[in-house]
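Across the two complexes that follow, chain A remains constant while its partner is chain B and subsequently chain C.
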Partner chain A sequence: MVAIQLGASRVVTGTKIPNPCGDVNLPPENDRELRREIVKCALEALQTNLSGARTFVPKVSFTSG
Partner chain B sequence: MSQLRVMHFMNQFFAGIGGEDKADTPAGLIVGQVGAGKRLQELLGKSAEMVVTAYCGDDYFAAHSRQAIDAIRKIAQDHKVSLVVAGPAFSSGRYGFSCAQICHAMADLPGLVCVTAMHPENPGLETYRQFKDANVYAVPTAKSAAGMGEALAKIARFALKIASGSEIGPSAEEDYIPRGVRKDVWMAKDGAERAVDMLLAKLAAKPFLTEIPGESPETVPIALAIGGLAKARIALATSSGVIAKGNPDNFKAHKNVQWKKYSIQNLDTMKNTDWDVLHSGYNNIFMKDNPNFGIPLDASRRLESEGAFANLYPYFYTTSGCNASVPVMQQLGREMVSDMKAEKIDGVIMVST
Partner chain C sequence: MRLELATYPVKQVQWSSQTCYRDGLLEIDKAELLATVLEDKKIIFADLDLALPGEETRIVNVRDVVEARIKVSGPGCVFPGILGPVETVGDGRTHRLSGMAVVVSATYRPTILSGTAAQNSSLIDMWGPLGKATPFGSTLNVVLVIKLLDGVTELEAHAAIQLAEFKVARRLAETTRELATGETEVFATSEVDPSLPRVVYIDSFLTNWHAPHSLVAYYGLPIRESLPTYIHPNEYLDGALTKDTRIGSGEYTYTWEWMNKGIILRLLREHGKRLNFLGVILQRTRFEAEHGKQVTAACAAQMAKLLKAEGVIVTRTVMSGANLVDVMLTVQACEKRGLKTVFLSPEWGGRDGTEPPFVFTVPEADAMVSTGSTDREYRLPAPKKLIGVKPGELIQLYAGDQWISPSDELTMDDTCLAGTTDWWGAGKYTRVQY
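After this line comes the complex of A and B, so read on.
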């Protein structure tokens, strides 16, 4: 929300402010998987043409935030 | 009405010392007025006397600002001035910077008022807006010295108002560049009434003046999508304050003013033994423990090896974005983007906290 208000056009939902790309509540292996999904989603966003700002949601379930 | 004693500060060029070849001239003084100062004295007439001209080379000031400021402050004190005029600097960045810095450095001297003059887009105004010194005013000028006459007239009008001892009103009335200072004043109507008046004016499509102007964020055009990721070079960037171990580049945890790029060549993950985190806007414990949270290197390397994109740029870009001034961050952003373009980077994943 803040990112879009400030003019970013391709925004990917992260986990939480102190750990945007990862989840401290997950075991390391699952945390790495989650991070991979977030980066994949960002790559997806980079390939998407837009007419207005958009939030991309990674295919993961966050334990918090 | 007492006569004002004025110090005029100019760079080496306007003080008649010389051009770019003399830009390393240290701070010095000339008794009386020089160049544009002579015209300003005419405009001021008997209400002010421009007793001394201080000068400094643009490059000298940039490299030795502490020494230059100390020397110029001493000139002002030795000559017992009550008004400092700095500039006009028009759109010259180094000159605007020195004018604003000098005014800020004088702002604590009792009874002193500083007036500088420059184009509203001069980067020197960043200092002015940041410090909001109550006794420093910047008047807007044209972009180039072709607007000297008008600039001097504005400075003189301002100086005469100060000499007359009358209070300087809001920027909209007095034609100076707003500093973002809000003063308490008595109004005939209370806040609720004024708000309703504004609303009624708005509904009737009549003009009204807001009391709290909003900052409108810059409009950023949407970049085109990357054609083929298979050929794309991707870079990682962050404002989370992930930095080299031990902070060798002296990042600040808040109000930071710089960016760096650090090598991740031959690294597959961000180890907590290699990196530090400096950002006072969030709890850094998790990020310090696993800097992949801010620079997702492990995941990016895996995707790179799987062929999701061609290659990962061997450095990551970083800054610490806490409580930072917007114009400073815009400048850092422009610098980073120009570096990314030079490095032929096709796409960037920027992690913010």
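After this line comes the complex of A and C, so read on.
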């Protein structure tokens, strides 16, 4: 939300503010998988042609809060 | 709930062989008060000093400011859950000493050395530009200077500082217990004309889950990952809301401000005249994922809707982007439910006011009140008297910052100075539209 308002064109939604690319509550192997998905999503975003700002949502689930 | 708040104005403070109050003169037996403070073995040094308006005095290592109040009838005590049992307050009669404040200047050896959970402090000038900008520049300040034993934990440090200042404040207010002459104001939210507009106040504030104390406490209990809570406004007046006394930076809030909250007092005074004040929704903010932000926003707005509110006032504390998002989403959620919502906050904006005031906004936030900019810079002249340090000693406002000499002329941000950031519209700034 904030990134779009500040004018970023390709935004990948992360998890939480203190650790946007991971989830410390997950076991290490699941955390690694989660981080991998987010980075993959970011790489896909870079390869996408845009006509305006867009938010890319990685296919991940994480502990809420 | 019906609270009689009796005011005993203090016009003069002086040291004496007894602690008593008469006709605006507060006499303080320093030795008696210091003995009470030093009952806590975690406090290895304590002293009391006076800082009066207009004097070229600078108080440093400021952790908190509190008003002297005492409950003379009704359930509980002032600062319930800290100075006494957890009993719902806001009923009965409370005495206050007005025009004066107890300021606590404290030092200890911290164990958290960086980050947002680390301790910090601020300073107060009794004259010059800061003396004019802070509410604590025009109060007669009784300054309690304490040093804690090495090896205390962060939470022990908070508890020791808080208990010491609250005990001093209680002892001073105790001098009015037998008096009945104080000017009395009654605060009650009784049944009123049903045609008056129904207004609720959402007191949205930042709390940290990761710090030893979360920043804000209700009946002494630090508020962490809670969802919105509905309370009576009179509870503020009896000190049900308190703070982390390790955190003295001007960006945060002081107990004095929670007890004298302008919005609460004004809404109570207008109740039955211009509006029907329904009460307060305490809202913890700074959720770390969008999910939490959406839930707290929806919950606060739904609570206001269930209370049949027509108008909502929302405020916040701490210049945090994470908390701003939660608050903006709350404004949005209220407006989407048809509740007219006003948001009151200081802004960023940079030194000259040309940078963005907020990092996040919603289109529904169409009625906002600015209480000034926290990016304002102050040039503070050198003081003649320093309280809170020995001559030549340096101070550090935030953990990791450079150490500075408080006896010099200083240039500082608003956020470093006690009481200058106006969260609740009680500040001394004038707004000019241009």
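Following the convention adopted for this analysis, the second predicted complex is superposed on the first by the 64 of 65 C-alpha atoms of A that agree within 3 Å, B and C clash if a C-alpha of one lies under 4 Å from a C-alpha of the other, contacts with A are read in each partner's own complex, and residues count from 1 in each chain.
Methods note: a contact is a pair of C-beta atoms (placed from the backbone, for glycine too) under 8 Å apart; a residue touches a chain by one contact, two chains touch by 3 or more.
Every value quoted in this text rests on a predicted model; they were computed, and no experiment measured them.
In the superposed arrangement, which partner chain does A:Met1 touch: chain B (first), chain C (second), both, or neither?
second
In the superposed arrangement, does A:Ile17 touch chain B (first), chain C (second), both or neither?
After superposing on A, A:Ile17 lies in contact with both chain B and chain C.
For the three-chain arrangement built by superposition, which of chain B and chain C touches the greater number of chain A residues?
B
Given the touch rule stated above, what does A:Thr48 touch, chain B (first), chain C (second), both, or neither?
first
In the overlay, answer first, second, both or neither for which of chain B and chain C A:Arg32 touches.
The answer is first: A:Arg32 touches chain B but not chain C.
Can you list the residues of chain A that meet both chain B and chain C?
5-6, 17-18
Which residues, counting only chain A, touch chain C once they are in their complex?
1-2, 5-6, 13, 15-18, 62, 64-65
Name, in rising order, each residue of chain B that touches chain A in their complex.
Answer in residue numbers: 217-220, 222-226, 229, 232, 234, 240, 282-287, 290, 292-294, 296, 298-300, 302-303, 308-309, 347, 349, 351-353.
Considering only the defined contacts, which chain C positions touch chain A in the complex?
225, 287-292, 321-322, 325, 359-361
Under the definition above, what is the set of chain A residues touching chain B in their complex?
For chain A paired with chain B, touching residues are 3, 5-9, 14, 17-22, 24, 31-32, 35-36, 38-40, 42-43, 46-53.
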